[in-house]
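Mind looking over this structure? Questions follow.
The first chain written gets the first letter, and so on, giving A, B, C and D; residue counts start at 1 in each chain.
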Amino acid sequence: MTTNSNQSNQNANINYNDLQSEIRHLAKDLLESKKVRIVIGYGSGPLNSKPVPVFITDANDVDRLVYNEFCFNNLSIYLTKAEIKAKAPWAIVVKGCDARSVIGLVVENQIKRDDVFTIGVSCNGVKLEGNTLSKCDTCAVKNPSNINVNKVIGNIKTASSTSASTLDKELEQLNKMSAEERFQFWKNEFDRCIRCYGCRQICPHCFCNNCIAEKSAPQWISTTPGSRGNFAWNAIRAFHLVGRCVECMECSRACPMGIRLDLLNHYLAQEVRDSYNFVAGMDLEQKPPLTTYNLKDNQDFIK
Amino acid sequence: MKNYQLAAKDLETFFERILSSNLKLVAPVSTTQHIANLKSKTQILFKEIPTKEDIKKIISDTYTDMSAKEVFFPQSEPVIEYTHKKGGAVDIKDVEPTLKETVLFGSRPCDAFGFSLLEKLFSWDYDDPFFLKRRDKTTVISMGCTSPLESCFCTSVGLSPMSNIGSDILFTPVDNGERYLIEVVTPRGEKLIETINGAVTSTTTRQSIFTDGNTLVQNKNILEGKVKEQMKRKEDFKDISDILKDKFDDSQLESETYRCLGCGVCSMVCPTCHCFDIVDEGESSHGYRMKNWDSCSFALFTKHGGGHNPRDLQFKRCRQRYMHKLHYYREKFADALCVGCGRCVRACPVNLDIYSVVYNLKKAYANKKKDNKDNDNV
Amino acid sequence: MARIGVFVCWCGENIARTVDVVKVAEAMKSIQGVIVSLDYKYMCSDPGQKIIKEAIVNERLTGVVVALCSPLMHEKTFRTAAKEAGLNPFLLEVANIREHCSWVHEDKNEGTKKAIEITRSVVERVKQNHELQNITVPITNRALVIGGGIAGIQAALDIANGGHQVVMVERTPSIGGHMAGLSETFPTLDCSQCILTPRMVEVARHPNIKLYTYSEVESVHGFVGNFKVKIRKKARSVDINVCTGCGICQEKCPQKKIPSEFECGTGFRKAIYIPFPQAVPNKPVIDREHCTYFTKGKCKLCEKVCGPKAIRYDQVDEYVEEDVGAIVVATGYEVITSEKFPEYGAGRFKDVINGLQFERLASASGPTEGRIVRPSDGKEPETIVFIACAGSRDPAKGIPYCSKICCMYTAKHAMLYRHKIHHGKAYVFYMDIRSAGKGYDEFVRRAIEQDGALYVRGRVSRIYEKTVNGQKKLIVKGADTILNKAMEIEADMVVLATAVTPSPGAAQLAQKVGTPYNEYEFFSEAHPKLRPVESNTAGVFLAGSAQSPKDIPESVSDASAAASKVQILFSKKELERDPYVSVVNTDKCFGCFSCEAVCPYRAITREEIKNRKGEVVRMVAQINKGLCQGCGGCISICRAKACDLIGYTDEQIWAQIHSYPADPIDPTEENGHE
Amino acid sequence: MNNTTNNKKENFEPRIIAFVCQWCTYTGADLAGTSRIQYAPNVRIIKLPCTGRIDVHFILKAFEQGADGVIVSGCHPGDCHYTSGNYYARRRFEMFKKMMGFLGIDDKRLQFAWVSAAEGRKWGTLVDEVTNNVRALGPFEDYKSLKIFQAE
């Protein structure tokens, strides 16, 4: 398979070729020095399609590693997979949003911080089918230096844009709708759900080995892909990520039916930020908001 | 069987005739949501076309995200309904699927070939009423491909963009879309033509006035050759089954599928996947026994009651997917369960591509055989 | 198959009046699994219980539902009955169709429909119940008494004399509480120090009592039988083991003008002080806010004069952990200060004082050695006006309740004043005289008839100052509602019998101990009539005014009652506790330990799961059955429902929710819904 | 449902399910009983040890089971018998209520409250208030339209 490094992938102020070679160089050192046993990174896809996750264990395979603006996968999901967990310590190429997932996994005791060497790569927004994902509009971690990563590669200077992202505009649309209209919108979205559980399998924070959707005694969520089961499943999945979702939006990308999970995640993440001044995956010391409390928490919705 | 032809401009009247003869019409439509201009991902799915006004929504020559198997093998359907009567007796009755004579328009030759595989599968030893009754009530009109997608590889599984296996009628757009050659493949197709007769003139009478002299069929064969030529993916899957025979413990399959996340997207979109799960829904007094799609990618698929799971790691489930589709099934039924539609390639969130897996397996097998040959004669 | 028995009670006519119990019993018959369903006039009576016991035996029941009053009333009764009949007590559930149904709805049709649905939901729940055994937990036979007043002292002595270890924590430098500050006590007028000091000494010398004075409870964890109490020993700056209590330091200390808390502001104390002569322990403490060494860094006179060199300026607060099995809360009371009465010139007029201050004036060991004099000019007052119900029974002041003890001590004050100043005039403005104790009313009659206290039935509206021929007088404007005339008295002193409130910080202590309190911060008793000295939190008992205003006899009897409750608890080696604890399914647990973060009892520990080669494969949560109190916090935070709460399992709740059918049962229908 | 929707709205009696904690609100409801406080009969009480145990699944399942309104009530902050159960519950309820509102469930149908063991009267007025609010909204047709499978 030919690597596509010759592809001209200059970006406004990121030279992806430099980043790519720096990643390869760093991966080689880490593997040779036995500091890590596996490097999880991006490789060129089958028949030159979009990049895919690759797992390098041999130092002289590092040239399979690529990096460009189409590397949208959140690789930290693999840190929760049994077969990869057994190969600790790992190195992992992470953009800002992915690095936040790694922090989230450490906070929830799934991995130990010193088992993972995070290669934080500057990112000016990833592209899917030609257009930059809406999550990148207001990304505050384009340069992952402010997150606890081992090494930062590339130093992008763009300040995160404060203008409302397309997601925020769409949220305004939704909030303007009446309760019945909003219910119809979400009912139609969830009715299309085919329960392939792609959203669950791709989310780094869905690491339960026995998901609640598989629990049958009692069955809280009906497994039949009808409106009732789908509504309950999507509601519970989103609720289980309150205060934990880092808005990498992989779930809405993975959803084959195009359900607008990003709207739901973004709304809940904003509510957590407004109510508890908490942003997921930014700080190793902070516990997820629902596992702590504050005496002066808001309770004006309680009679 | 006879061939007919239909002018492209008469396609709408063709649909109107179907509706007016009290037939349910299912065809591909775009399902983009437009509530308060909130756009969700544009998707093309098979939907029922209830009224004449909806006919203009039909996209006749397109590639749908989900296969049409849902028309015969719905994602979820009740098989039994139970009710606890007073005094403790339990009333159990089968749920008869509400059936109506249906016309499925717009499936691709690869989909149609998938229906034929499923039909054989659902009737090889036990006749599954749910599938067969629905299949008997449906006339499948497929649309031949003139511009296959990059990820398509139907020729690799011995099909062609215009093969008619599994369809009742095959439309093929000829004269660059001016006219459709209509090949009637099965009696069911013939019966549909009669019921909506008058809309189609028999080719024999029209044939003579065809300007460039080839019969439409001849015209189609030329077109078919050209389209086959354009296809990017041409690797032949013929002997993949023998290669896979001793690949169970081979580490190559593991490394090829290491990135699989175990979501069930590939099974849900695949025209030939047919596994289903039975679960009771409702409460103690009344409820249904539901039959829902399932996927071997899920860990729960092979999880034992005690918690042990023979396929504990994800690559074992992927191996099962490839082995089943390309080897085990072929060993028993001489058919591969892959029709080359490329839907799983397009839908996979980590871009696992069955074609490239086979491509790599064959290349490795070829290299190994070459090495053995070198060693023999060295 | 479940074999359920349903027993619907008439409760005389408490239920039957607004719920058709026959129809309820009838409707239950149609539920799958119900074998016997009948109604009876008084299910909780012996014959009623006998019916249930017989049904359990004859019908081999696997579950019983009793539809009557609240489970808080009779769940224990019926579970004991079930146990006697051989059925595991936890297979019996109570459906509350009285407090939650018949008593709150008049419409019989609605009431019956609701009773049917409530009973049905409990029947569905019982089907999911399992046989459970009580959990036995070891008990630490040591008690903690919080508060060193008469109630705390009595409780500590009773428990200690009962052969158990006691830890007493007193916030002020000495035990004794408010009683130590009283002059003489009603109705016998014996001097409070004479009857109290021996008890205080007995506490100090009792081998079973460990006394922490000038200390506060910092935190309480654990549960009945196994409390872990953290105590903060505030720095006294004096080593009480070395100090002999000679008092020279107190004499020499230059700081003179510090208002003494013990004297309620009528007298002063030094920076290093022993609160009162009979203090136990009779050792000084340095008040760091006022001591010149601590505020300005010079002086150290006390250290110079101290013979045994017991002064420790560098002493810091010390934290001590004590394991106890029971807690007696005896934190006593406080009276609201006269500042709350601007209409009486409180705070502005020095001669308007409250009851405790008058006690100090009248007390022989007080600042005036018992001479009742005006705080303003030290002259003997010719006329004193005592005002009862100052703040009590007055919703406007936020205290609608009666403080109970003021009528008696006001009569005593008038009597003491008349004994000491024979020509003095004592007016008492009262609304009603509440003197219901033994010998109480005779005491008040004596104050009026023999000692000449002038009782005026009426309220005082205003007090203002006026100089009358050279002397400052307090003009008391009031009304006499019996003679129906306004009154104006030139008084030399006014004593307000101010309202009794819980001692400050009672609410914070209640939250630390984890026991409820009411809106006035008095501790809430488990049941006003039947369990007055117990709180709703198992192992926490209440004594004295911490629960509500009480006089000394009541506080002492409270204390002995609480002590006997503690003895009952300590009489068993182990404590039987209901089996509601959380259990973890280690297959499902994925080790995120959110449960560990939310568990208030730190009952969750981390356990390693190893593979055959002994390598740690993953970590899972493990629940310590002894510590877990069954709050269920870990279950709702666990996303995969890896843990469940015995007694309130997901299955039971699911069954209850599912028992409420989408379209409600119409009782008028002959054979019910199913 | 043979009767027409507006006719249904007239004689519509809402079904309210209440999840309450046993130490405070359940006892408060008992007190409402002993003090003979009359309130709407539409509520069905389910007893739980603490608001900390009240799970979002219960609320969703209650709506799925046909409830038109749900009340969740427990001890006031600070009074929790288990010291902190209601603090965690408060955060969970706040976020759940926001999410349900976002998903289009009218927030009058899901009412959270603190009712202590001494507030029998408050329990009565709470039930009346929620019943009237939900009666005004009418039956919860939206959630009832969510069937187990499409054709049901």
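Keep this in mind: a contact is a pair of C-beta atoms (placed from the backbone, for glycine too) under 8 Å apart; a residue touches a chain by one contact, two chains touch by 3 or more.
Predicted model only: the values in this text are computed from it and were never measured.
**Q** Tell me which has more C-beta contacts between its two chains, A-D or B-C.
**A** Between A-D and B-C, the larger count of C-beta pairs in contact belongs to A-D.
**Q** Centre of all protein Cα atoms: which chain's centre is nearest to it?
**A** Minimum centroid-to-centroid distance belongs to D.
**Q** Let me have the rounded angstrom distance from the C-alpha centre of chain A over to the C-alpha centre of chain D, please.
**A** Taking the mean C-alpha position of each chain, the two centres sit 36 Å apart.
**Q** Using CA atom averages as chain centres, what separation in Å is found between chain B and chain C?
**A** Roughly 74 Å, centre to centre.
**Q** So how far apart, in whole Å, are chain A and chain B when each is placed at the average of its C-alpha atoms?
**A** Inter-chain centre distance comes to 32 Å.
**Q** What's the distance between the Cα centroids of chain A and chain C, rounded to whole Å?
**A** The computed centroid separation for chain A versus chain C comes out at 52 Å.
**Q** Where in chain C do residues touch at least two different other chains?
**A** Those would be 587, 598, 637, 650, 654, 658, 661.
**Q** List, in ascending order, every residue of chain B touching at least 2 other chains.
**A** Correct list: 76, 281, 290.
**Q** Send over the residues of chain D in touch with two or more other chains.
**A** 56-57, 61, 84, 88, 92, 148-150, 152 - these are the residues of chain D that touch more than one other chain.
**Q** Would you identify the shape of the chain contact graph, picking one of line, ring, star, complete or other?
**A** Shape = complete; every chain linked to every other.
**Q** In the complex, go through chain A and note every residue touching chain D.
**A** Against chain D, chain A makes touches at 174, 179-187, 191, 212, 220-222, 224-229, 231-232, 235-236, 238-239, 242-243, 264, 267-268, 271-272, 275-276, 289-291, 293, 295, 297-299, 301-303.
**Q** Provide the residue numbers of chain D that touch chain A in the complex, in ascending order.
**A** Going through chain D, the ones touching chain A are 56-57, 60-61, 64, 77, 84, 87-88, 90-107, 111-114, 126, 129, 142, 145-150, 152.
**Q** Show me the residue ranges of chain C that touch chain D in the complex, using the header's touch definition.
**A** These residues of chain C touch chain D: 70-72, 96, 98-101, 103-107, 110-111, 113-114, 117-118, 121, 507, 511, 514, 516-519, 524, 536-537, 580, 598, 600-601, 629-633, 635-637, 645, 647-648, 650, 653-654, 656-658, 660-664.
**Q** Quick check on the complex: what are the chain B residues that touch chain A?
**A** Contact set of chain B toward chain A: 31, 33, 35-38, 40-43, 65-66, 75-76, 232-233, 255, 258-259, 261-265, 267-269, 277, 279, 281, 290, 292-293, 295, 298-300, 312-315, 347, 349-353, 355-356, 359.
**Q** Taking the touch rule as given, give the residues of chain C at its contact with chain A in the complex, in rising order.
**A** 587-588, 590-594, 597-598, 619, 637, 639-642, 650-651, 654-655
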